[in-house]
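Read from first to last, the chains carry the letters A, B, C, D, E and F; within each, the first residue is number 1.
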Amino acid sequence: MLLGHYNYWIVIVLMMIGFYIVIAHGNLIKKIVGLSIFQTSVFIFYISMAKIDGGTAPILAEGIEQYSNPLPHVLILTAIVVGIATTALGLALAVRIKEAYGSIEEEEIQNKDNLDC
Amino acid sequence: MLIAALIAIFVVMIMAITRAILGPTLYDRILAVNMFGTKTVLLISILGFIMGRPEFLDIAIVYALINFISVIGVLRYSDNLIFKDSEQQKK
Amino acid sequence: MRHTLFLSLTLAMFWVLISGHYTTFILVLGVISIAIVVFVAHRMDVVDHESQPVHLTLKLPAYYAWLIKEIILANILVVKHIWLGNKTISPVMTTIKASQKTDIGKVIYANSITLTPGTVTLELEGDKFIVHALLRESIKDLESGEMDRRVTQLED
Amino acid sequence: MNMSLGLMLQFSIILPLLAVIGIVLTAHKPNLRESVSIGSSILLFFLVINLYIGFQQGATISVHWWELIPGLPISFSVEPLGMLFALIASFLWVITTVYAIGYMRAHHEQNQTRFYACFAIAISSVMGITFADNLFTLFIFYEVLTLSTYPLVTHSGTEEAKKGGRIYLGILISTSVVFLLLAIISTWFVAGTLDFKPGGIFSPDVNKTVAGTLLVLFVFGIGKAAIMPFHRWLPAAMVAPTPVSALLHAVAVVKAGVFSILKICVYIFGIDLLAVLPSTQFLLYLAGASILLASLVAMRQDNLKARLAYSTVSQLGYITMGALLATSSGVIGSSMHIATHAFGKITLFFCAGAILVAAHKSKISEMRGLGQQMPITMAAFFIASLSIIGVPPAGGTWSKWFLLMGTIEAEQMILMSVLAISSLLNIAYLLPIPFHAFFSGDKVTTPGSGIKEAPLPSLIALCLTTIGCVILFIFPQPLYELSQAIVESAGFTHGK
Amino acid sequence: METILEFSSSIFLLIGSFLCISGGVGILRFPDFYTRMHAVGVTETLATAMILIGLILHNPDFLVDIKLMIILLMTIFISPTASHALAKAAQHNKLMPKLDTDIKADNKKVTSSNP
Amino acid sequence: MLIHLPVLQVIIPLLAAPLCLFLTKPRLVWLFALIVSGLAFLISGLLLQQVMTSGTIIYDLGGWDAPWGIEYRIDRLNAFLLLIISSISTIVLIAADTSIRKEIPADHHVLFYILYLLSLAGMLGIVATGDAFNVFVFLEISSLSAYALIALGKDRRALWASYQYLIMGTIGATFILIGIGLMYQMTGTLNMEDLSKRLPEVSQTRTVFTAFAFLIVGICLKLAMFPLHLWLPNAYAYAPSIVTAFFAATATKVAIYLLIRFTITVFGLSFSFTHFPLQLLFVVLGLVGIFVASTVAIYQTNVKHLFAYSSIAQIGYMIVGFSMTTMAGMTATLLHLFNHALMKSALFLALGAVMYRIGTTKLTHFQGLGRQMPLTLAAIVIGGLSLIGVPLTVGFVSKWYLVMAAIENGWWPVAALILLGSLLAVVYVWRIVEMAYFKPALAGTETIKEAPLSFLIPIWTLILANIYFGIDTRLSVQVAQAASMSLFGVTP
């Protein structure tokens, strides 16, 4: 019963891991990594949702009748692009923050900000 | 035999993951993850054959390229600034 | 111009082989995307002698054949030591000299070293390479200079 | 005729705003600027007089502007109570402007342009309040009045002025937003209209608890009426220049407050409904308490303006009480008291200002013997005090008389005694001042100190208002007729 | 013919798998980052080549074979670059290799403490 | 041409953004962006007119019918929001050229306009599309450009603010993505109209409940609804002034739109408010948000921070109106949506002018500024009065409708609390007034001049709009009412 939906369990576990990293880690890069994992879990969720019993990957080919639902794949392609853009922007921000604050640790940045005020 | 190769690659991937978790240095981890990536390319190729979908090879190609870019990307930063403090100190 | 043509051709070949669909529409798309890539490559200023070493094409096959042989041998050696265990390996790091004159020659040499298991180029400084090797004998092989000579031959 | 009267009505609201533009444009030519102020105030008074004449001839004057919120128009009409207030306010604006010119110049005040401009906006909003045809219009001008008088209160810009301004704005805005606005919106919801209608707008079978709650909200919400415990802004606003105090106490702000209460009692609730609401009694006692407590506090003030301020709080209690009594005499007394108190109190403030300008004194204890140097001022003070107390030969006599009658009609014996006691207290806190000024043995000021009467414009102003006090006593007929008209238009069935 | 192809394909796949596993063992077994890198080198050169050749032999379709060859070429071109970049980064950031001498010393310690 | 308006609305700014690259001169790019935004404004005006007269417009992208193709669907609510977004964007852009010259390094100017147009296109897209997944895509387009725009701020804290916003925003967007995915799983459609038809059949499943919960939390994060507001103050305070003026007026509005669209149109009132304790939750959070954020605003030393917290409080008002689930409440919320956009864009633009002249928006630097920058400060005062809800400003109109709606619902305490909450606005607005008008100017600031015309024109346009729509409420009320009617499926 529990294992029957193993794909969802994987999604949930990944999601929790990603979320935990975002929340618990002070390192900006790690947060971005966590965020990526978090997003990826959703991608997996969509893709696993698209699976149809007996269906194969939705790449058109001769002699194949049954495909998985291609729509989620298409959607997630877009979402992946968005995810990459987010990650890239996040990393770029981290680099700029490092240049400006000399650190990528949340706590140190917060301390420096407090000193500024 | 395809199945055997698949299993072998699977095992290697697990080994790579193990190394990635064990570390101990950041470079060990990148090395392991990179290896994991290249093995994924093989995995996809073999899976395509097993499932009778040679179209998967396209994915394998794209994956190989992305894998390369991501490793270079990560290293570009490691060469500069970011990883030095946090990781090296812990070592 | 020669480099641009070479690049376009390579890309076109790549496209045709990968695509597998040869309708007009798809082909036109291919032409457009190749044009864009060439344009971007020009903007990045990477279309030159160094990135498209067209002049080496003829001599390369022979060198590749020899290199493949070396790689196979090196593989066998490293795999042997993997199974024999840590006590049998003798990691060393040394500097070796490279006799190539051009940058591309040095890169080919350095990459060949790295490509053969058991040795890795860590750094290129002038005509000196810092190399890490798993086994003393691999370094000795390198120092014997056969590979160095073969790469240098490619140059002229 | 009607058409032109309608135009006049609109113009009486717009004219002061036009004056603002003139004042701002002539900012760098003080003489011209003051001419604009005086000129427009006189013009306004004539407009109102004309309206009055037309109104007396029985014309219905009303103007409908536009619907600010669908179903809620900005509209104006002339009815007796508004007419009464408009007459007082426009007349006193003329006087106050004259007085202010003398005062501001003698004091070398800064930012005079801002002062006159805000002053004019305040008058415009008072006109809007007086002629408002519905509660919504009234509320809007009520708020504009608050905001436009804020810069007047904080005019000096000192720390003290800022503090005073905070309390002023804080209480007036808080009460109006939290209680008044809530009451208005609820009224709209309950009654379906906000138009002022003789006899009120609530249907007779309205839920008495709801209506009673609304009445409380209204009375509390009209902070300008300064019913305790929402009176604190009035003493706090004492930091303002004297002409502003005059404006606040006599012409505009507090009068707008009690006027609103009166108007809401008569035209929103209607006397009949008011008489049966459960909360009326409570509010009457609250007004009574306000009268007595404020008088007691006034007695303890040594600062003249503070004493006058608490006196105002007390006198406003009379008007509120008169409105809530829900009898014809009560309403008549209440509306008359708006006028008589206006003249009495403005005179007192003019005197206080004159003393400040001429003798640089603000403490009552320092005014002993001042009668010698400033005889006219002190005489005026005496007559105005009589008006406040309610004894001849001053107008206050009549209003207090009707208020007393009102309590008797309503069989409110406790409140009757409140009025009686309060009159004694009035005597106790007002009369000693002129008395000591003229007859004190131990003079604080010596004859040779060079103190003389205030500048001529101020002196003329305070004389005029004093005469006004006396005239209201001698010829109360027009005032009474207007008040009577209010009662009639309200369609009394009760207590007559 | 088919059986020969099938058979040789299997052989190549088998060798590839073995090399792969060997590399995997190496990456776990070797003492430091640099030595592990050599183990990875095994899996990325000959092992990959063997498996891909095995696949090529398995499938006669031209386009598929080309694609497999492209993958092979890419792996072979990319892997040294990645290895080099990684090693260089490690060296720049002062990661010291365990050299022969250190290992000998370690071994001695181990042997001396276990008489 | 007219028939393609719905898609042109989005596609014009979207395509215009990369075109900026070819105009190398920042001045030229500015002009171009202004024209593009103005065009979007024009289109939204036409759309609104069209929708008001002839009802909902449905446009199938690329000729594919929904639910396979992406459908653009403009009803009264959409058209109203499109108009708000594009109008504010255009007016704010007028000052952009002057403002960013002081606040953004010259080599980033072109980039600024590209990002600006992208975020504009994103927001317009969110509103225009009728496809749930498309909402996510546009949401991310606008958010990503928002993060980058905020990071362009001069202060290094802009980077940190942008980073935090990125994290929170992405979590929010991902939650929305999960919600959409679950909905798709249950119904097999992404078209919102279809979803609304098919969801009732499966509304009793746990999956749909989960989808709803994820969506609401995600949207509330984007919305900066208390207590999910933590990203907002710094993002607004350290972003370039133009960006703040634009976002403060539009970004949270778009999120409110999503909240309304998903709870009322897609899931339906009965699901959203009977199966979930959403009403109680939103009333409480809305009110707490009003009081907490307003109180925090009072203690701010930076005026940009102050107004940022005020924005959170104003979101509270909208949430309270929304939670009433009546037409009156919805009208009040939509009205406030529009009115608040007018107030906040004017206020933040005026702060931009202050920033331009004195380089800071610290409250202490406002000393005596009333005399030095009379027109700018007068604008801040009028904007502040509007925020308080003084009659003759738009703020009063919103408050009136909100209180009216609360009373209609019989929520007397809520009505009282709404009014009480606006008193806190008096306090924080008056701190600025006192500082600007009742304190002598700081030494060495005698040379400060009034803001340039390029600021004054848009600022006063907005201020006059604040007054105009506070005096003549026919248009705004009519549209808001029509929008809420169409939401509740009532035909006028």
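Rule of thumb we're sticking to: a residue touches a chain if its C-beta (ideal position, glycine included) is under 8 Å from a C-beta of that chain, and two chains touch if they have at least 3 such contacts.
The model shown is predicted, which means the values in this text are computed figures rather than measured ones.
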Exercise for the section: Treat touching chains as neighbours and tell me the shortest step distance from subunit A to subunit E. Expected result: 2
Handout entry: Shared interface partners, meaning chains that touch subunit B and subunit F
Key = A
Practice task
Consider the two chain pairs A-B and C-E; indicate the one with the greater count of contacting C-beta pairs.
Solution key: C-E
Practice task
Determine, using the mean of C-alpha atoms as each chain's centre, which chain is farthest from subunit A.
Solution key: D
Problem - Centre-to-centre distance between subunit C and subunit A (centres being mean Cα positions), rounded to whole Å - result: 35
Handout entry: Inter-centroid spacing, subunit E versus subunit D (mean Cα positions, whole Å)
Key = 97
Fill in the blank from the handout: When centres are defined as mean Cα positions, the distance from subunit A to subunit F in whole Å is 27
Exercise for the section: Return the distance between the CA-based centres of subunit D and subunit F, expressed in whole Å. Expected result: 44
Fill in the blank from the handout: Multi-partner residues in subunit A (2 or more other chains touched) are 94
Fill in the blank from the handout: By the touch definition above, subunit F meets two or more other chains at residues none
Completion exercise
Note: subunit D residues in touch with at least two other chains are none
Practice task
Using the touch rule from the top, collect the residues of subunit A that touch subunit F in their complex.
Solution key: 19, 22, 28, 31, 35, 38-39, 42, 45-46, 49, 71-72, 75, 78-79, 82, 85-86, 89-90, 93-94, 96-97, 100-101, 109, 113, 116-117
Problem - Footprint of subunit E on subunit C - complex, ascending - result: 14, 17-18, 20, 71-72, 75, 78-79, 82-83, 85-87, 89-93, 110-111, 114-123, 130, 132, 134, 136
Completion exercise
Contacts from subunit F onto subunit A in the complex sit at residues 133, 136-137, 140, 144, 147-148, 151, 156-157, 159-160, 162-163, 166-167, 170-171, 174, 177-178, 181, 184-185, 190, 301
Practice task
Spell out the part of subunit D that touches subunit F in their complex, as residue ranges.
Solution key: 66-70, 139-140, 143-144, 147, 151, 154, 157, 161-162, 165-166, 169-170, 173-174, 177-178, 181-182, 185-186, 188-189
Completion exercise
So, in the complex, the side of subunit F touching subunit D is made of residues 385, 388-392, 397, 399-401, 403-404, 407-408, 415-416, 419-420, 422-423, 426, 430, 434, 437-438, 471-474, 477-478
